[in-house]
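Structure below; questions to follow.
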Amino acid sequence: MGAILEVLGRPDFAELLRTHVLLSAAALLIGIVIALPVALAIRNTPLGAALAVNVGNIGRAVPSLAILALCQPFLGFGFDTALVALTALAIPPILINASTGLREVSRDVIDAARGMGLSGSQILTHIQLPIAAPVIFAGIRTSAVQVVASATLATFIGGGGLGDLIVEGTQRNDTAILLAGSLSVAVLAIITEVGFGTLEWAMTPKGLKLAQKRTR
Amino acid sequence: MVDPGAFGLAFLQDLSSIEEPKLIEWDWISENFWEDIVPAIQGHIFLSLVSLAIALAISLPTGVLVSRYRKAYPPVTFVTGLLYSIPSLALFGILISIPGITIGPAPVIIALVAYSLLILIRNTVAGLDAVPAETIDAARGMGLTNRQILFKVELPLALPVIVAGIRIATVTIIGIATIGAYIAAGGLGKMIFDGINRSFPTMIITGAVLATALAIFADLSLLALERRLRPWARRRRTA
Amino acid sequence: MKNRTKLIRAVPALLAALALLTLTACGNVGSSGGSGPSAEDGGPAITVGSKNFTEQYVLGELYAQALEARGFNVEKKLDLGSEQIADKALQNGQIDLYPEYTGTSLVDVLGYEGEYPSTPEATYQKAKELYAKREPADTMLTPAQFNNTYGVFVRKDVAEKYDLKTLADLAEVSPKLAFVIFSEFKNREDSYPNMQKNYPAFDFGDIVIVNSIGGPIYQGVLQGEGDAGVGFTTDGQLASDKLVVMEDPKNIWPFYYPAPVVRSDVLKKNPKMKGILNEVSASLNAETMRELNAQVAIEQEDPEDVAAEYLQKKGIVE
């Protein structure tokens, strides 16, 4: 146990952790910046939405290692390549959820709002987005956890991150290093899951929370 | 130390195959198809199927039990959820630290099973929950025993949701099995890693594309099965 | 509805079948291409392992094929990620032998902490001695007579820009450069720490860790991900005029002569192995090794074919 703490105290551990978090955060942010506008743009076209969901579902089936590995022959080793691959992995859950969430806002609610004289964009900002927010956020949360987990694999294409520690521990048959790496990644993933879960709960408009409580 | 200037072999001067490696060497693929590619696919399918089978063997009975004794559901969800949130490479690392577990397919199968439990149990419970109480009552009224109700009424009706879970589990398993090659479990991931180690993009691309194709194939096949079992609902579910 | 019930009834049967499949087929998954030993063939079953970089693939294939040609039933496990993994596999019987380097075994496997022995022969003798004392004991056979040591190199334009010729020169400018290495090199005593010990100015601005020694490192440096890298002196890539190898007047590395390490009990049961393996080792020298490595790493030929061709040429195999 003490040996594990020793590894965590190593100067390069902080660097690896920093790279891991940076990779994940950047991939998630860029993924959101790409996926959300797309979902917004197609929210009123059933064909576009269906396409988005299908592409998203296929995207979710792609193994993380495959995407990371595929980028390597084209983009080389390093942080940037890993970022591109992780961004590609981040997009599908957000795209699916945002697209579905926006489209599933009940027609009645939208009609009522239109009846009250709200314009299209007002409906979007005041009605659709708030109602879809929890679903969209669930997608972001799924994406975040997946990105943090996949960032571990960045080590295989020279992207750095905590995966380096796991590989080092495996190569050197050093349980302390191995566990230090594995446990810190696990903890990071759990923190991400719980953290975003809390944010998701905070994002749910009060009315929806009450409604959800009633149906439980 | 060896004087590098002594290397006389002229053909070594040309490193273009490393600087700009050819992306796909089709000759290599056709030459090694039966020798390397097919065994990799076989190994991968094997790993995935075995893990899925074991996961089902554990999760189906557990799901049934937990749907009956709901108090057990939260702790079961907690444990399986915890396992699910541990990133695969990390879980492999933890498993091979345990004395007695050597690198090879065993830790990978254990991990793959662990990852599938959450979704499979959750969907089994959800599927069983969705069976209308009246249907069960009617069956009981007709004189069926609890066991008969389970197998003849509840499980068949729960099947679409269970299959939906199997679909997600299968795709997850196929994906993570690729990483298992790092700890010598074989499969398509081995082609990917060997390709990276040897700076040989053809192997990387072949392995990655085949793994992706396998995952998508499984996803679409199970989706088709799910749709056939569920003729009354065509809506897509969210992620 | 009836179809579904049938489906459900079939499930336990399916699972049982799969379970049976698992138990019988368990051994086959994971082996890297060699056929499993079969009882009918009569020859003793040997598993040859190797680490997973070019020279190791070649050496592993050479030893495996030589043994196979002389009546052994060889299974190959040429994908062990490091000497630690290989050693563990050796000691717990998953493999029976693998090619190791005298220096590596001393520093990284056998826990030797003294000064690096001053001659190749002394290095070998010390390693052999320590291997024999282990539990279970191992035998390090006669090494091939060449040194495969580290070659730290930089890209030609970097060498020209900073006028770099020796490791000392490189150390001075290292904070401005990125160093591409493989995982163990970063912290193993005979690797980067060794460089820092002897040339304390070493402090690379960035360290990029790639998956394996060899190809990825050369690729990384040539494509600009890093400015300096580390390779083996038997790598074909180091001959390129696009790379400049740094001189090491202090001779900081231990001697790394390749030698097969066999578990002693296996060797005792199969004394014939010694002669076969030694014959292969004796036939190799730096030039030959470089050429074989280059065929695999630069021309992308299969290690198995390269080894087969070589063994035939040398008359070790018909």
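For reference, chains read A, B and C in written order, and residue numbers begin at 1 within each chain.
In this section, contacts are C-beta pairs under 8 Å (C-beta built on N, C-alpha and C of every residue); 3 or more make two chains touch, one makes a residue touch a chain.
Everything numeric here is computed off the predicted structure, so don't read it as measured data.
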item: Pairwise touch network: line, ring, star, complete, or other; value: complete
item: Remotest chain, chain C as reference, centres from CA atoms; value: A
item: Chain centroid nearest the full-protein CA centroid; value: B
item: B-C compared against A-C, more contacting pairs; value: B-C
item: Centre-to-centre distance between chain B and chain A (centres being mean Cα positions), rounded to whole Å; value: 20
item: Centroid spacing, where centroids are CA-atom means, of chain B and chain C in whole angstrom; value: 31
item: Mean-CA-position distance for chain C and chain A (Å); value: 38
item: Numbers and ranges of chain C residues touching at least 2 other chains; value: 81, 85, 88, 211, 216, 219, 223
item: Set of chain B residues in contact with two or more other chains; value: 21, 182, 193, 196
item: In chain A, residues with contacts to at least two other chains; value: 155-157, 170
item: Interfacial residue positions of chain C with respect to chain B in the complex; value: 1, 4-5, 7-9, 11, 14-15, 18-19, 21-22, 25-26, 29-33, 52-54, 77, 79-81, 85, 88-89, 92, 94, 147, 149, 151, 211-212, 214-216, 218-219, 222-223, 233, 236-242, 245, 247-248, 251, 253, 286-287, 290-291, 294, 296-300, 302
item: Of all residues in chain A, those that touch chain C in their complex; value: 12, 76-78, 155-158, 160, 164, 167-168, 170-174
item: Footprint of chain A on chain B - complex, ascending; value: 21, 23, 82, 85-94, 96-97, 171, 174-176, 178-179, 182-183, 189, 192-193, 195-196, 201, 204-205, 207-209, 211-212, 215-216, 218-219, 236, 238-239
item: Chain A to chain B touching residues, read off their complex; value: 53, 56-58, 60-67, 69-70, 72-74, 92-93, 96-97, 100-101, 135, 138-139, 142, 145, 148-150, 152-153, 155-157, 163, 166, 169-170, 175, 178-179, 181-183, 185-186, 189-190, 193
item: In the complex with chain A, residue positions of chain C that touch it; value: 81-82, 84-85, 87-88, 180, 183-184, 186-188, 208-211, 216, 219-220, 223-225
